[in-house]
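Structures given as structure tokens follow.
Shared between the two complexes below is chain A, which has chain B as its partner in the first and chain C in the second.
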Partner chain A sequence: MSLTGSDLRNLVLAALALGICALLPLSGSGYWLGLGVTIAMFTALATSWALFSGPTHYISLATAAFFGVGTYVTGLGIDSLPYWGLIGIAGAIGAVLAALVGLATLRLSGVYFVIFTLGLAELVRQVITWVQNNSGQKGLYVLTDLDEAGIYWWLLGLVTAVFVTGWLIGRSRLGFALRIIGDDETVAAHSGINTARAKVLLFMVPGAVAAMTGAILAPRYVYIEPSLAFAPILSFQVVIMALLGGASRLWGPLVGVIPFTFLLEAVSANFPNQSTLVIGVAFLIIVYFLPNGFVGLLDRALTRTGHRREA
Partner chain B sequence: MNRRPFLKLVSALTLAGTLTATAASADTIRIGAVAPKTGGLAGGATVTQWPSIYLWVDQVNAAGGLTVDGEQMMIELIEYDDQTNPGETIKAVQRLATQDEAHFIIAPYGTGLNLAAAPLFDRYGYPQIAVSAITDQQPELSDKFPNMFFTLGTTTALAADLVGVLTDMREAGDLGNRVAMVNVADAFGIELATAAKPLFLEAGFELVYETSYPLGTQDLSPVIKGAAAAEPDAFVAWSYPPDTFGLTEQAMIEDIDVQAFYTAVATPFPSYGGRFGAAADGVLGAGGVNPDSPAFQEYAKAHMELTGAAPDYWASATTYASLEILAQSIEAVGLDREAVSDHLRETTFETVLGPIAFDENNSNPAFWTVGQWQDGVFVGVASRGRDGTAPVILKDGWK
Partner chain C sequence: MAAPVLSLRGVTKRFGGLTAVNAMGFDVSEHEVVGLLGPNGSGKSTTLNLISGALPLTSGQVSLWGNRISGLPPQTITRKGVSRTFQLVRLLPSMNVRENVVAGAVFGHRRRWGGEARDHADQLLDQVGLGGKGDMAVGQLTYIDTKRVELARTLASDPKVLLLDEWLAGLNPTELQIGIGLIRSLRDEGRTVILVEHVMDAIRSLCDRCVVMAAGSKIAEGTPTEVLSDKEVIRAYLGDDDA
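Right, the complex of A and B next:
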């Protein structure tokens, strides 16, 4: 488990890239900072999503559920606890919730899991609304002094943590076990791998990360409504972005998130009356022409130049 | 072949970039607007928000534009759909402020979307004359965002004035003491119910039935059946647009026998009166206008002519009034946003609703709170400081 030369080089490059990203708020452009927040948010969500769904091939639509829980943790606690503490609590609650969901559903085959995770956002939303309804209006207003730059730096920190976690998992026994499970679950079970435990453990990562993302972003929304905190579209956006990039590599979702954010921005800016329609068409085109995402495209391009060099 | 899709994407993005860059022009006032055209609040925004914006821009430009420092300037409207998603609202406001360099931005639609946009309006110094953002937090919010103004009233005022209307009916001997109160279990519904409950009890009413239902509930018959079984004299629902219609429909089916029937949001929509016709007669709802005022009638006529639809009997006119206020301020002090905000704080404006002046919390203290369908028109029956309040009638069956 020692670091090779190329590992070290990649680490240095990643640290350098992170350093450059951290300077974005100093550029003074609110527009680019706003896009930076969106990119950082979806990078954290999509990368952590792909950590689980990449190797296991389980499509999780639970992102909105965890995200919503996170926003409510901040909404309910902002008056009594420090912000960083709330992010930690949100992460813990997200992980526990993911473990419970995982224990209940990950023994089942994929389709049941997808349907359950889709329903989870609605379930959690109803539970929170029920509690709010019975305790009066609480946790609706999040008024802080945190500005866009502060939120951006928090998100960037979370993105870093996700990449480090992903990198460590990839090098660990757990990561190895998951790759075997993804290839053939029966073989994995026969090799003595506790498949359910491995899957539950890994599912806790996107759960915790999505909840922490929600907790970080709550001050940005100021007013927390269930219909906005638990919007199911978020779960689908994360899946689309991760698949556009490619879920098979750690950095895959990142190369999906960035072009998709710019595409959405260009569409909303130029087609104000048909945004949703144009986004749908763009998605169809992407799926049709890029079935393996940008990672697949890049792999093929690399193979081709490799062949050319040999020739 | 494999590179082509990527090239297409790149060329689409480049094209998009050049299109955005051509927006600016010297002699126009760029006004930004962001509100839902799709998503959960699109139904409300396309009745209340967008038509009044289009009407206002059309009227100002037809009159030759606004007079800024002695010069006539036409309005150029830049509009975006936020898809009822606060993240999109934030992006759109950011884009309007920095890319389109809008001179002013019309406040978004809905409490959540207005508050998501508030930090950006604040940072770029835009006055935010919010309409569809009813809240009791106005002192805290105007303290935090000094250029945010409120026009449509507070949650507690909406609840308290309904309690007042029902108390008056009871004291006139028209109404008993038994109230059934239900609410949609979502942010604003919960806020209203939380505010109303102690007020009802304080006024000596007996809450004989209380329940809530989740947002999006399709089958509301258990709610109405449960309420009817408690034999109330008044039925009060703190409801949202879909359930306002659903509850009324079920009330007709069950033929619930009450002397007062109240549903909240969307009751003043013309489509409510259109759908229920004579059965809507006597239904109370949140909001109201003075439909007899010549200013409102003129506005409603122009609204109908330009957009092909009638304005609603509440927030439509207030949205239009907020734009009149903005226009008057620009004509008075020019395009300096800070000066406009100061002007907003100091001045009394003549609007379609009558005079509006903002108090020390940046809120308009004179607004409509309760209205009632009477002979096909939704008339205001209770207000804070507005003229033209009509007397309340009893709900007399559902025929």
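Right, the complex of A and C next:
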């Protein structure tokens, strides 16, 4: 593995950007820190989502399922295990769950996969609700001495890990195999690629990341219950943000997460009951006007001016 | 005849009540170019799909160097050394010409990666007449050039057996001569090739042996001159009156 000059430059820039982001809690503003947490959370979720869905074109709505499982891992284990250990356990459970879902569904074509992943979140939520009803519990308290800044730094670490993983996958045979699969699955199989294995392996990444995100964020909710932890709206928000930015580049989703977070923030401050409407309208606008997201817009502009970047 | 590289025994494929391929059996020796002929709908392409693993067999057996490959998924068959082109050219639209060829080099029979795969791809592009076009988008290519890219991709994993599904179809007369020359160069390299083909000129000048199919069954086998003068073959192509 060798690094070119532009790789090094990008690496330095990314490290610099990360360093600046890490200083946010020192600003002392609770409002900006809260926004930072939301942005870091959606960056981790949307970037890892796009790692899988970008090349394969499978739309996964399972984010809420993995996320909810992660919050419950923290909720159930916070009294007996260290926080970092719970994040690791959540990641492992998320990856295993994703592998099982993948083995069961990735042989299905697009639409069936979408419906199955949407149903999965609902299924897990109903099971937990049923268990709670039977045990007489309503929810779980997650009490820690972790403050908002701590959660933010944990999320920032996770975001870094997601970008490094995505960058490594992009340079690997697995990443190349997935690009081939995304273009033409028949050609992929006849080129010697085990398409099912490649897809399952990659689907484990967003599964693990979403579960870890849930585990990190559980203390912020203080009290968790199924309808909060498994809210299906989360899955849709992640899809919209990733598509708004563009799922074809590693940094694409980030470009969607930031403006969309501000938009949602402005809407929920001014029209607290209309945020679902905004998500719906945003979705329509993206599908009609920005099918390839901001990344696609940028690519088109670059092609027009004749400065097409080398891939 | 030396031990066959590839052999088919009783290979049968049924789609519901239709028997597309019926008890096909033939052998292909090393360095041999075998033509698979027959009228439209006689089951040639289906036979190729059964060899490459694109379709599962209903019954029978395909073996490579005496080891059964039928029943294995296409990626495993490719890794064992059987590589193919498609009747309708299939390129990878998001990748440039070189990457399309590299795609064939990374996961197949002989695997290469990184600089080695790129150099190998460039070498193959030279060989098929696309030297210097590695950075082009596949959308910019002419029809014959897309076929060349696909051929280079197929060659990229150093396959033991090459399956060409109507590789010469749709070429104009000038391109056809180029195409025939290209396949002849593969033959001269000593590659083992099965080609499904309609172009008689190509069959006469390229094939060591031909297998002729009609309605899913083998009706003749022999040198091109033998099979093309065979009464059964003429009847299959032209009908009873002309035989």
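Note that the second predicted complex is superposed on the first by the 279 of 311 C-alpha atoms of A that agree within 3 Å, B and C clash if a C-alpha of one lies under 4 Å from a C-alpha of the other, contacts with A are read in each partner's own complex, and residues count from 1 in each chain.
Simple rule for what comes next: contacts are C-beta pairs under 8 Å (C-beta built on N, C-alpha and C of every residue); 3 or more make two chains touch, one makes a residue touch a chain.
Keep in mind that what you see is a predicted model, and the values were worked out from it rather than measured.
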Now for A:N194: first (chain B), second (chain C), both, or neither, which partner does it touch? second
After lining up the shared chain so the two structures overlap, which partner does A:N270 touch, if you call chain B first and chain C second: first, second, both or neither? first
Of the partners chain B and chain C, which touch A:R173 in the superposed model: first, second, both, neither? second
With the two complexes superposed on chain A, say which partner A:F262 touches: chain B (first), chain C (second), both, or neither. first
First (chain B), second (chain C), both or neither touched by A:D299: neither
For A:E185, select first, second, both or neither according to whether it touches chain B, chain C, the two together, or no partner. neither
Between chain B (first) and chain C (second), which does A:I285 come into contact with in this model arrangement: first, second, both, or neither? first
Identify the residues of chain A that lie in both the chain B contact region and the chain C contact region. none
Along chain C, where are the residues that touch chain A in the complex? 52-54, 73-75, 78-79, 83-84, 86, 90-96, 102-104, 106-109, 113, 153, 157
Given the complex with chain C, which residues does chain A contribute to the contact? 173, 176-177, 179-180, 182-184, 186-195, 311
For the complex, which residues does chain A have touching chain B? 29-31, 34-35, 38, 126, 129-130, 132-133, 136-137, 140-141, 143, 147-148, 220-228, 231, 233, 259, 262-263, 265-270, 272-273, 275-276, 285-286, 289-290, 297, 300-301
Tell me, which parts of chain B touch chain A in their complex? 2-6, 8-9, 12-13, 16-17, 19-20, 37-38, 40, 79-81, 83-88, 90-92, 94-95, 97-99, 111-112, 114-116, 118-120, 123-124, 137, 140-141, 144, 183, 185-187, 190-191, 193-194, 212, 214-215
